[in-house]
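The same subunit A turns up in both complexes below, where it pairs with subunit B and then with subunit C.
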Partner chain A sequence: MNSLPADIVLRVDRLRTHFELGSRVAKSVDDVSFDVKRGETVAVVGESGSGKSVTSLSIMRLLSPPGRIVGGQILYRAGDGRVLDVAAVSQKEMRRIRGREIAMIFQEPMTSLNPLYTVGDQIVEMIRLHEPLPKQEARKRARRMLELVEIPAAERRLDEYPHQMSGGMRQRAMIALALSCNPKLLIADEPTTALDVTIQAQILDLLRRLQAEIGMSILFITHNLGVVADIAHEVVVMYAGRVVEQASSQRLFERQKHPYARGLLACIPDASRDRTPSGERLRLNPIPGNVPSVMALPKGCSFAPRCPLRIPRCEEDPPLLVAEPHHLSRCWRHDEL
Partner chain B sequence: MVAVASNPEQVRFISLLLRRRTVLIGLAVLALIAGLAILAPVTAPYAPNKLSIANRLKPPSGTFWFGTDEFGRDIFSRTIYAGQLSLLVGVSVVCFASIFGIALGLVAGFFRKLDTPVARFIDAMMAFPDILLAIALVAALGPSLATVIVALGIVYTPRLARIVRASTLVIRELPYVEAARALGVSTWRIMTRHVLRNLVSPILVQATFIFAYAMLAEAGLSFLGLGVSPEVPTWGTMIAAGRQYVGRADWMTLFPGIAIILSVLSLQMVGDGLRDMLDPRFRKDL
Partner chain C sequence: MTDSDILLRVENLSKHFPTKSGSVKAVDGVTFDVKRGTIVGLVGESGSGKTTVGRCTLRLIEPSGGRLIFDGKDLVSLSDREMRSYRRRMQIVFQDPYSSLNPRMRVEEIIGEAIDTHRLARGSARRERISELLARVGLDPEHGRRYPHEFSGGQRQRIGIARALAVEPEFIVADEPVSALDVSVQAQVLNLIQDLQQSFGLTMLFIAHDLSVVEYLCDEVVVMYLGRVMERGPSRTVYAMPRHPYTQALLSAAPVPNPKAHRQRVILQGDIPSPMNPPTGCVFRTRCPFAIDACAEVIPPLDPVAPGHYAACIRRDDPAVLSQGKRL
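After this line comes the complex of A and B, so read on.
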């Protein structure tokens, strides 16, 4: 039977998700492993096409064909103590898990709520889908959920339609919806990307506070390393379908052991050091080039073509190496970084 | 229906719709025809099959508003009673076509593997001329009221199925459908609650058109002797009977003809108004 250490809620173990298009295979997620501990936040970071969203969709089993989990396990500790391999359970079991055990919020708060129903209706539907509660009870819980996500005048807001709310408000409503059945794991797929910066900070604050109150774990998918520092305990950096660096948030921000993570950080503008000592403006350092298509990965290290530290050995594919204790890097030159 | 009326956007939609003159006139004419037909025992001055040889082929007058036919039956009363049947056929065909059209369309739009076979089947049926297919089906099943309804239902099912399928393909990919799935909503519930609810308006538009076509087609089939038995008054059978007296008693064909025109036209006006309202390019002027 499957087993998990007691403090781990989700273990993604050598997950491989491929998209088979005719004879060509896109290895969107290739041998990805990480753990999510109880009450902690793991951030999966990467550019578009790095496989981070496919990873989250794999965990929810929401891949649309031709996407398919072809290998690995996704172990999840359910509320009743059983350890399930999410990659292998039946559709029926999966429906029970979705929403109740693992919930998900999305990037587009503007369109993630059905425009035809009031926010209250949608939360009540969700609650009653998973728990046999009378309508009135469910409505009370829905109101409490809106209060929990700090939506003012919750009672009135319950009867409003999504179009009557602002983007930040809708994302809060979406979070209320996702959390209304007390999931143990929340997958947040770029939840703040479509929001402006002040609202972004509010939503992150909210997630952090909810985590402390409810004790849920969060799997946070983002392309923005700046956001990660605010919320994550553990960071997984993905590139072209693979994990290239993995460490605690603190450690990773102190010292990157992979040139890609370092490049990502160098792209973030920093007001406190945007001028040289002589007063000239510093230029931002973008990473040249694009993420290679997972249909046509370069030979050897897939980051090599964009890497400033490239050496001949990079023709050979580096494994995920232990750079320091609890700090993994997929780079031959990690000890020079 | 309570939910429909409580949605402020839909209340606004209905009030905007009623501000269109064509829609208002169409609805009024339709209500008049439907009211007359449904209340036929009260509204018709004579029984539809009351013979009166003394009053054969009388032109319209104060006693016989629309005149009488070759057996002295009152055309006005018969037109009203015939309306019952036309409305019955129209409503039944719309229900039949809606049930099967929505089912086929949702299945085709939702389940990728079934899409190609179902969609090709629908296209093949669309390629057949409507009235020809109806005639063939009635000929195969034998003429009766039920046959006419089933045949026309089959003829108009693909129209609805196509629209439902196309819209389902779009809505299926919307983020809130994915979000619903991520929160554990079953496919059946997503189909009915999230997708179908969004399709109410286009289905309604199509249903009004099908209603009109079905009434017209029923009249055509009855005229050709392929509908209900000739002694039952329908607009089609009345025109067929009056055909021999064109020139001598034009009112026998004229008034059932006007009834067909008015009901089909008013339905088309309502349908056009609905469609325009749903098309943002036409909504700008409001």
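After this line comes the complex of A and C, so read on.
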């Protein structure tokens, strides 16, 4: 029997998802663990290719071959109280969970919206798939959903097709569709990355408000540390398929216990730090080199080739260590940071 | 400041695209100066006309109206032939390092092509020049033999920059050159841009949507919305005390990596209107928290509010607007 502490909705435990490409293996996700608590937002942050999307697709069981979960568990507390290992349940059970209990939104709204149906029809169908409501009732609920995500003239918008909406509006329609079954967990994969900052601020504001109202948990995937600081309670930093640091947002931004997170924050331009009081520009401190390919990871710590603190011991793979209470770091030298 | 300090003066520039469903006013009466040796940032939301301004200034597309005074000469009045000698002095770097490089050409051919177009070097001098350029942007001269797909995003952006530098330009339009890059690599490219600016005395129009990059890198900033300039001025002044409600909203919405930065968020309602049918008067009024009836009546002129600092808002001296700017 699987079990979970009462306040935890999702526990990703030593998850490993690999892509076998002929004789080569892409270890896209390799030993990733974190918890999502009820009503909390966990942000997974990392640069391109670090394994954020593969993590979320693994949780949704939406991986396409040759992607395969090769190890670990994804424990989820279902609405009926059972604790399921999502990595192991049947596709049939998974279809029931997806949409109804765990919903997902993406960077590109057209990956979830169907261009051939009106927004209203799609939300109505989603509602009726999970709850046997008469059409008129479902339509009323759909209108309320559009109002909830602040789409003006909701009644009229129900009959519009996705292409008739602006980018920000479509994004909100997608959120309305995702939330129309009251999910317990929302997985948001870069939902604001393609949007302008003023629209992004609207959507983040909206998610925060909806979370307070509905009490859902959010797993928020992004590469933008500014967005993380804005929305997350807890932060999971990924690098080359692994979690390298994890802490509460407050803690992580105050003090990084891994040279990678520290390096990331140091290289985001900040005029108050990177220009002198008289306005002269100081040079930025980039992390040298590039993110390694998950197909050819360096031996030992995968950050070592770019790390300013590298020592001979780093040729050994560091485990995720407790650097401080509730602050994890996969670095041999965390106590010096 | 004398006129000779100014390398490029964009004066009342407009560009209207005729389409089936009407004319798109992509750029409408845009005016700003770029001083020699400085970097001017051009910011604004998607569709505000940044790329169109950038392309017009190089006459990669023809302006519908206005003047582009480059080194004292109005480029708009030049014939194609006369324009040729100016082309060499002005180059562009694109956002997308993936699609802006011909995948079937080796890197040395890509850079060599620019050298050949302007007949700058031949034979061994040409080869040497290519190696120098590659080294200058932090690539190995050996890399010249390879094809673009063999490089990472950051390296491809370096190739794009090397190609632009090949003709020894004085002025570069960089259209979102770091937007597609991861932050660790973005910082590498931003350092490179500064080094080049300093060592070659380059002048640059830097188009971006990341406001903290612009605050750090640019001497001056021009804020656009729906084809018009809302505010412009020295970056330090504009960021310290934004006078236009749009600039204020933009700055307040930009997420910063600090959870304690509890800034007064201005959440704008709604979306950017269609440039096919922009609002009358102030184009920002449909989303502006300070809009009053009068805002629909006149197009606010870009008036001076401080030395070199201009804002196009009829309420720019209103205490409410002023205090919003101070609170950021």
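Everything below uses one rule, namely that the second predicted complex is superposed on the first by the 323 of 337 C-alpha atoms of A that agree within 3 Å, B and C clash if a C-alpha of one lies under 4 Å from a C-alpha of the other, contacts with A are read in each partner's own complex, and residues count from 1 in each chain.
One rule holds in what follows: a residue touches a chain if its C-beta (ideal position, glycine included) is under 8 Å from a C-beta of that chain, and two chains touch if they have at least 3 such contacts.
The structure presented is a predicted model; accordingly, all values stated were derived computationally and were not measured.
Student: Now for A:P65: first (subunit B), second (subunit C), both, or neither, which partner does it touch?
Tutor: first
Student: Examine A:R95 and indicate which partner it touches, taking first as subunit B and second as subunit C; both and neither are also allowed.
Tutor: Touch partner of A:R95: subunit B, not subunit C.
Student: Go through the superposed model and pick first if A:L225 touches only subunit B, second if only subunit C, both, or neither.
Tutor: Second partner only, subunit C.
Student: Counting touched residues of subunit A, say whether subunit B or subunit C comes out ahead.
Tutor: Greater contact footprint in residues on subunit A: C.
Student: Under the stated touch criterion, which partner chain does A:P132 make contact with: subunit B (first), subunit C (second), both, or neither?
Tutor: neither
Student: Should A:S166 be classified as contacting the first partner (subunit B), the second (subunit C), both, or neither?
Tutor: It touches subunit C, and subunit B stays clear.
Student: Let me test your reading of the model: by the given contact rule, A:F253 touches which partner, first (subunit B), second (subunit C), both or neither?
Tutor: Second partner only, subunit C.
Student: Residues on subunit A in contact with subunit B in one complex and with subunit C in the other?
Tutor: none
Student: Which residues of subunit A touch subunit C in their complex?
Tutor: Residue positions touching the partner: 47-48, 152, 166-169, 196-202, 204-205, 223-230, 249-250, 253, 263-265, 267-271, 274-275, 279, 281, 283-288, 290-291.
Student: Over in the complex, which subunit B residues touch subunit A? Could you list them?
Tutor: By the definition above, subunit B touches subunit A via 7-9, 112, 174-176, 178-186, 189, 193-194, 197-198.
Student: Give every residue of subunit A touching subunit B within the complex, in rising order.
Tutor: The contact residues of subunit A facing subunit B are 60, 62, 65, 95-100, 103-106, 108, 111-116, 125-126, 129-130, 161, 163, 174, 177-178.
Student: Where on subunit C is subunit A touching in the complex?
Tutor: The touching residues are 45-46, 152-154, 182-188, 190-191, 194, 209, 211-213, 215-217, 235-236, 239, 249-250, 252-261, 265, 267-272, 287.
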